[in-house]
Amino acid sequence: MTHEKHPDLHGNAPDKSAVALVLIDVINDFEFDESAERLLRYALPVARRIADLKRRAHDAGIPAIYVNDNFGKWRSDFRTQVSHCIDDETRGRPIAELLKPASHDYFVLKPKQSGFYSTTLDLLLQHLQARTLIVTGFSGDICVLMTAGDAHLRDYHLLVPRDCVASRDERENELVLKYMERVFEADIRLSTEIDFTAISGPFSPRSAIEQMQACRTS
Amino acid sequence: MTHEKHPDLHGNAPDKSAVALVLIDVINDFEFDESAERLLRYALPVARRIADLKRRAHDAGIPAIYVNDNFGKWRSDFRTQVSHCIDDETRGRPIAELLKPASHDYFVLKPKQSGFYSTTLDLLLQHLQARTLIVTGFSGDICVLMTAGDAHLRDYHLLVPRDCVASRDERENELVLKYMERVFEADIRLSTEIDFTAISGPFSPRSAIEQMQACRTS
Amino acid sequence: MTHEKHPDLHGNAPDKSAVALVLIDVINDFEFDESAERLLRYALPVARRIADLKRRAHDAGIPAIYVNDNFGKWRSDFRTQVSHCIDDETRGRPIAELLKPASHDYFVLKPKQSGFYSTTLDLLLQHLQARTLIVTGFSGDICVLMTAGDAHLRDYHLLVPRDCVASRDERENELVLKYMERVFEADIRLSTEIDFTAISGPFSPRSAIEQMQACRTS
Amino acid sequence: MTHEKHPDLHGNAPDKSAVALVLIDVINDFEFDESAERLLRYALPVARRIADLKRRAHDAGIPAIYVNDNFGKWRSDFRTQVSHCIDDETRGRPIAELLKPASHDYFVLKPKQSGFYSTTLDLLLQHLQARTLIVTGFSGDICVLMTAGDAHLRDYHLLVPRDCVASRDERENELVLKYMERVFEADIRLSTEIDFTAISGPFSPRSAIEQMQACRTS
């Protein structure tokens, strides 16, 4: 189709925001295997903290992006997955209810572990002009790690609040958080220690430049 | 999330098919500007032929993939767009009704002109094991051309039936078809001249190898 | 390897420049087939104009990037190709001598027609902070067109000076220039009409923002 | 340039091989910081084992691909880097001499940690028809891990012989090897335990299919 009259591709324009909150694989039926139950035990309390963080982020004007497995269902869409998790009374229902996407949230379906691989995530972040990502979700040692790694390759600044990430094994979760801190230069402070007034605010040219410079020198 | 128990990512397994039918930007409200009306005049009869072709392809076991603009609406999904075009009585309604996706069809939302840019199309085609694409849709001189170009870069064989592509200007449409024939080695025969029994059939190892070899030497 | 002490990846830092000059497939032995001679006839005078343009660009602080076929020689490098074209007395020698890369020029080997496909070009341009590309070279109707298309998808501004592009067929060259003007919004003015004092200068935060805004609204 | 007469892009045709040996960042001056010395202590004995492995791989017809940092030197090429490491008597000289590339080796310059990011590696592997990668080099916990992760996303089978990978910290190296075994399903057997007669041999359609099927179900 032609693009001449869609000057900025934005349609119902996405917010501009130097920061974006990313929720990885939180919409999940947790029905895949016996290990799901182990993960669920850690994931449920974490989901409550992500829900709090999402509320505070929204109040600060920071958009939320659901980056979610398509679970091999190439024909379905995100809303169908949300309905499945909630209406079919799956094990993932309590988490899906806590973190049910609102109409103003963004979403990206990922076919593989990294949210950047074979998806439109990077382009969406460019349109938002986001340079800092707050990464949360499951599981810490696989999809969160690989998405954070791809974000680091692309020079995004990373916050991975350590109380907003869960894995099936607590020790693996610890190791992977330390790894992201050391190698991806991720800030892993507690979600309650994130000061949104400091990092957010509407997109400004000045902050964009600072972000760009920061990104070049880090 | 973890992938151990989703061994092949396929969930409700996609068909294997050496050939895929691609429909570009057929779900469209045609409300974007005055030129939309010009395009619509050519697009409506073309949509009828695409609908015929899609029926025949389906009977031959060939999957259809809608590759459609997201029109800057990063928060909406494909089903919402279909509903918008049909229920809101847009100018694109007759085409959307003719080409309304079925539950067994695939879809990929593209943020830009090429269906391969910043989307999961290539990975979906790999999972289908498709090596030949039948490319149809609108507009021939922009999104069809750029998607076909990206397919050619990736060594897909191209059929672009010349009666299944429309642009706002008939002469531009002609030129671009000839260009795709010359440079992308596209077969631009009429849709009625496509013999599905020759090119389709279920995926077989043997045909895959032939496809791979063909692709290496062409 | 680790990256902690290569803070900005730049080593012998690339220039920052809002504009970059791109030379497509100018280093070529023109020995590939009978049509090479036809292309050569048009390419030689064009190479002289590209050489002039490159000189003026260099004086204005604008970097030149050679984006060149690897011609399937995955084991060779760019300097080897330059030597081959010049020292082996190939048909492409006069052009290679006119456009011999200097030590301050950049280069990117491309395995396929588009300079962006499966190469580091986009990342190099990001590091240069270039938003406007002056695209020149051969052949206009294939590699130049496909590289320009991929640049347009990525929101680069395009200048394609119409006297700095050659194809085997003059009419095809004309058509493709008009196409790039219409669809990719390329400025196709003569190379002598490019005013480097207006478009270049060192990278400034202000111009970066203007570039970014321009890019969003065009 | 045109591609009609370069039917398969291969020029001096790359080998077909279901397996490829990947050497990550072995050509390095190790002059970057004080930690380089720590890494060097582990890297030198590892380099000897990689050299052995490379010899055996070559005898078995398996190509070697150097995937090496460009160290921000966008204007230089791989041969220049090899010369720098050896002729300038850098700390990395003994390793560069042990692992000096031969004229039949392939190389890919990577601008960032993962060998797949913004490089032509994936396309080269497709042309080789490689589906199994033997990944070796430095440092295990950064570039090796991130390259292996990207290979896993793309469904390559991984062998990461645990005696052919070094990091600055032995314990980190251990952890990361176990991680790759668990999450990327990498085989981390000793290099001496790799039976090339079992995994190599010239590319055959049959093994290709098996590889493809294996890749779908793993």
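For the reader, a short list of remarks on this structure follows.
Per-chain numbering from 1; labels A, B, C and D assigned in written order.
Everything below uses one rule, namely that a contact is a pair of C-beta atoms (placed from the backbone, for glycine too) under 8 Å apart; a residue touches a chain by one contact, two chains touch by 3 or more.
No experiment lies behind these values; they were computed from the predicted model shown.
Each chain gets a centre from the mean of its Cα atoms; the one farthest from the centre of subunit C is A. When the CA atoms of subunit C are superposed on those of subunit D, the rotation angle is 180 degrees to the nearest 5. Chain centres here are Cα averages; for subunit B and subunit C they lie 31 Å apart. The set of subunit A residues that touch two or more partner chains comprises 8, 112-113, 142. Those residues of subunit A that touch subunit D in the shared complex are 112-114, 117, 141-142, 146, 149-150, 152-153, 175, 179, 183.
Taken together, the subunit B residues at the contact with subunit A in this complex read 1-6, 8-14, 24-25, 28, 32-33, 35, 39, 69-75, 77-79, 103-107, 109, 111-113, 118-120, 122-124, 127, 138-139, 142-143, 168.
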